[in-house]
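Attaching a single structure in C-alpha cells format; questions to follow.
Order of writing sets the chain letters: A, B and C. Residues in each chain are counted from 1.
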C-alpha cells in the first residue's frame, strides 16, 4: 500500500479535459516533482487531490483511506498540507497569526498554537517579519509564509504549487535546502509542482510529467531529461526529431 | 378563469419587473456591484413623472422622458461621485456604499416630498379599463407592460447590435481582455450606470400610473428586482427578461391559489414574502440562476 | 478558568487604551449620579444596547467579514419571546430571556445552514430576505398582535422578576452589566480559535480551508453567537419599552443600524462597535429630538447618517478605529 495512491483521475471543465486518466503513487518519505508545460493540468491535479475540486472519476487513497471527494479542510485534517501558486496578498492577519491559524488546526489552546507557530517561524527564518502583514512582504517571503502556515498544520504530505516561481537564484537554492531539510529532519513527504526544471531536478527523487492532462512519463530526474516524449512536450516536435 | 386572468396580469406586471431588473443586471454584469439604491432610482422616477404631471399638466405617459433623463443623471452622478471611489475598497464597503446611497435618496425624498402616498389622478389612460374577451385590463397597466417591452427591446438591440453595446458586453464577459481591445473600462462602467438609471427611471414613470409613490417604495421593488436578477442568473440580460415574467406571474397567481384553497398564508399580504422566499431558494439551490453564465 | 482569564486580560492593548477603558468604566458607573436628565440617561441606555448589538454583529460581520444585514430578526425573536411569554403565561424575564436566546440560536442554525452556502452579494441580499420574511409574518399574524404589536402589562410595584422598575437607573445598571459581559466575551472571542479562524476566512477563504478550517461551520457558529447577542438585547428592549411591534424590533433599518455602527467604529476590533455606537446613537437621538420639533425637517437625520455611510465606505472602510490605528502607525 502506497502512501498516496492516485488512480485514474479524470477532471473536465465543461468539455475541456484537464486531467485524463492520471494514475501514480507516492511512497512515504519521497520528494516527487510534477512537471509539464503550461496548461498541462498540473494545478488541476493538485486541486483534485487536496479536494479543492471534485474529480469526475477516479480514486484517491491517502494512507490507504479513500479520500476521493473530501473537501479541502478534510484532506488537511487527514494530513495533507498545501501552498498556493498565487498567494492572496492580504492585510488582515500578521505573519505570526497566519501561522497560528495553521497550528490551531491541531489544538484548541492559543498558547500552544502560538508556541508551535513561533517554532516554525524561527526555523524558517521569519522571526524578523512576524508582525508584518502579507501585503508588506516581498514575494520570496510571502511564499515562505505560505509554506510556514501549511507546515503548522503538521502535514505528513506537503503539496507545493510552484513554490519557487518568482524567486531569484539564491532564494531558489535556499528553498531547495529548506525542502530537503524538511524531508530528512521531519520526514515530510513532498509533492511539488514546478516550472523551473533546474529546481525540480535538484530536489526531487522522482519526477512525473504531465502533458495535456495525460501522464507521459515518470522516473528519476536524469532519465526524465532524456525521455524523448518529455523533450517533445517541452520543446516541440522539431527539437525532438533533431536529437 | 381566475387563474388565466392572474396569468395575464402577471405577464403585464412582469414586463415592468423585467425592465426594473434590467439595469441592475447590466450594472452587476459589467462591474460586479450590486446597486442597493436601484429601487430609489425607481422611486425618484415615479416622483419625476408625478410632479411633471401635477405642475405642468402633461400626460404621465408623455412625461416619461423626464423620468428617463433623471434616471440617467442619477446613474451617472452615482457612478462618478460615489461608485468610482467604492471600487478601490473591499466588497463589503461597496455593498455598504450603495446601501448608504439608498438611505440617502429615501430620506431625501422624505424631506422633499414628505411621507405622503401620491398617485396620479389625471391622464388619458388613468382610470380607464379595456376588456379583451372576458378579461378586463387597466389601461395604465396595459401601457406599462407594452412600453416596458419596447424599452427592453431597445436596450437589447443596443447591447447586441451596436458597437458600443458590444463593447459593454465584452467588458462584462472579460474586463481584462476588453481593456486590451482598447475598450475604456471607466467609460463602460459609466455607460452601464447611465443605462441602468435610465431604464429604471422609465420603469418608475410607468409604475406611478397605477401605484403609489412614497419615499420607501423602492425597497419593495428592489427586492423583486434582486429576485429577478438571481433567477435569471446575475448579469444575464435574456435571463432577467424571463425571470421578470416568471416573478410577475408567481406574484399574481399565488394569491389566487390562496383564495381558491382558502389559505391565509398565500393571501395578498404575503405576495412579497413569496418573492423573498423565491430569491432565497433560488440562490441556495441554483446560484447561477436559470440562464446564468456567471459563477 | 483559562477562558475567564483570557476574557479579563486586556494586556495586549496599549497603555493608553487600557487607561481610557478604565476611565470610561468609572464614568459609566457614576454617570446616573451626575444629575443628568432622563433624556440623557435614555441615550446612554440606547448607546449600551446598540454597542451590545454591534459587538454581536462584529463576530460574523467584522471578524468573519460577512455582509450580514438581517440581525433585526433576532432582535425581534428575543423581544417577542419575552413579551409573549409574559403576556400569555406571566413568565418572568429571567426565564423568558434565556428561552428567547435559545430560540434565536436554534433559528439561526436553521437559517444559517442554507444561508452560508452563499457568498458576497448573494449572501447579503439573502440575509435581508430572511429578515423581511419574518417581519412580514409577524406583521400579519394576529396571534402575536400583527402590525399593532403587543403591550406588556405594567406592574403596579417595581418587580425584579419581571424587570419592571420605576426609575431608569435600574435599567441603566442592568444594561451596563450586559454591556460589560459582552465586552469580556468579545475580548475572549477575539483571542479564541474561532476568532482567528474567522479572520483567516475573511482574509482568504481558500487558504483558510487548506488549513483545515470548515468554513461554513465556522461562519454558522459565528452567526449564531451574533444572533444570541442581539436576542439578549431584544429581550431587554421588550421590558424596557414595554411595547413592541414588528416596525420597532424587526425593521430593516434596525439591521442596517447595527451593522453600520460596527462598520463606522471599526469592524473586527473590540472597541469598534462601541465607538460607532457612541458616535451614532447620540447623533441619532439628538438630531431626532431636535428635528422632531421642526416638522419640515423629517429625514435630515437619516440623510446625515447615509452621508456618513457613503463617506466611510468610500474613504475609510476600516472605520474610525482604522483612522486611529493609521495615525498610530505613522507615529511609530
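The rule we apply is simple: a contact is a pair of C-beta atoms (placed from the backbone, for glycine too) under 8 Å apart; a residue touches a chain by one contact, two chains touch by 3 or more.
Note that this is a predicted model, so its numbers are computed, not measured.
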Can you tell me which chain lies farthest from chain B, using the average of the Cα atoms as each chain's centre? A
Looking across all chain pairs, point out the one with the most C-beta pairs in contact. B-C
Using mean C-alpha positions as chain centres, tell me how far chain A is from chain C in Å, no decimals. 43
Chain A and chain B, separation of their C-alpha mean positions in angstrom: 48
Length of the line joining the C-alpha centres of chain B and chain C, rounded to whole Å: 33
Residue ranges of chain B touching at least 2 other chains are none
Which chain A residues qualify as touching chain C in the complex? 50, 52, 71-73, 76-77, 81-82, 84, 87-88, 90-93, 97-98, 100-102, 104-105, 108-110, 113, 146, 149-150, 152-153
Can you tell me which positions in chain C touch chain B when the two form their complex? 65, 67, 69, 114-115, 117-118, 120-122, 124-126, 128-130, 132-133, 136-137, 139-140, 252, 256, 259-260, 263, 267, 297-303, 305-310, 312-315, 317
Touching chain A in the complex: which residues of chain C? 2, 6, 191-193, 196-197, 199-200, 202-204, 206-215, 268
Residue positions on chain B within touch of chain C in the complex are 28, 34, 82, 85-86, 89-97, 99-104, 106-111, 114-115, 215, 219, 223, 226, 230, 234, 264, 269-270, 272-273, 276-277, 279-280, 283-284, 287
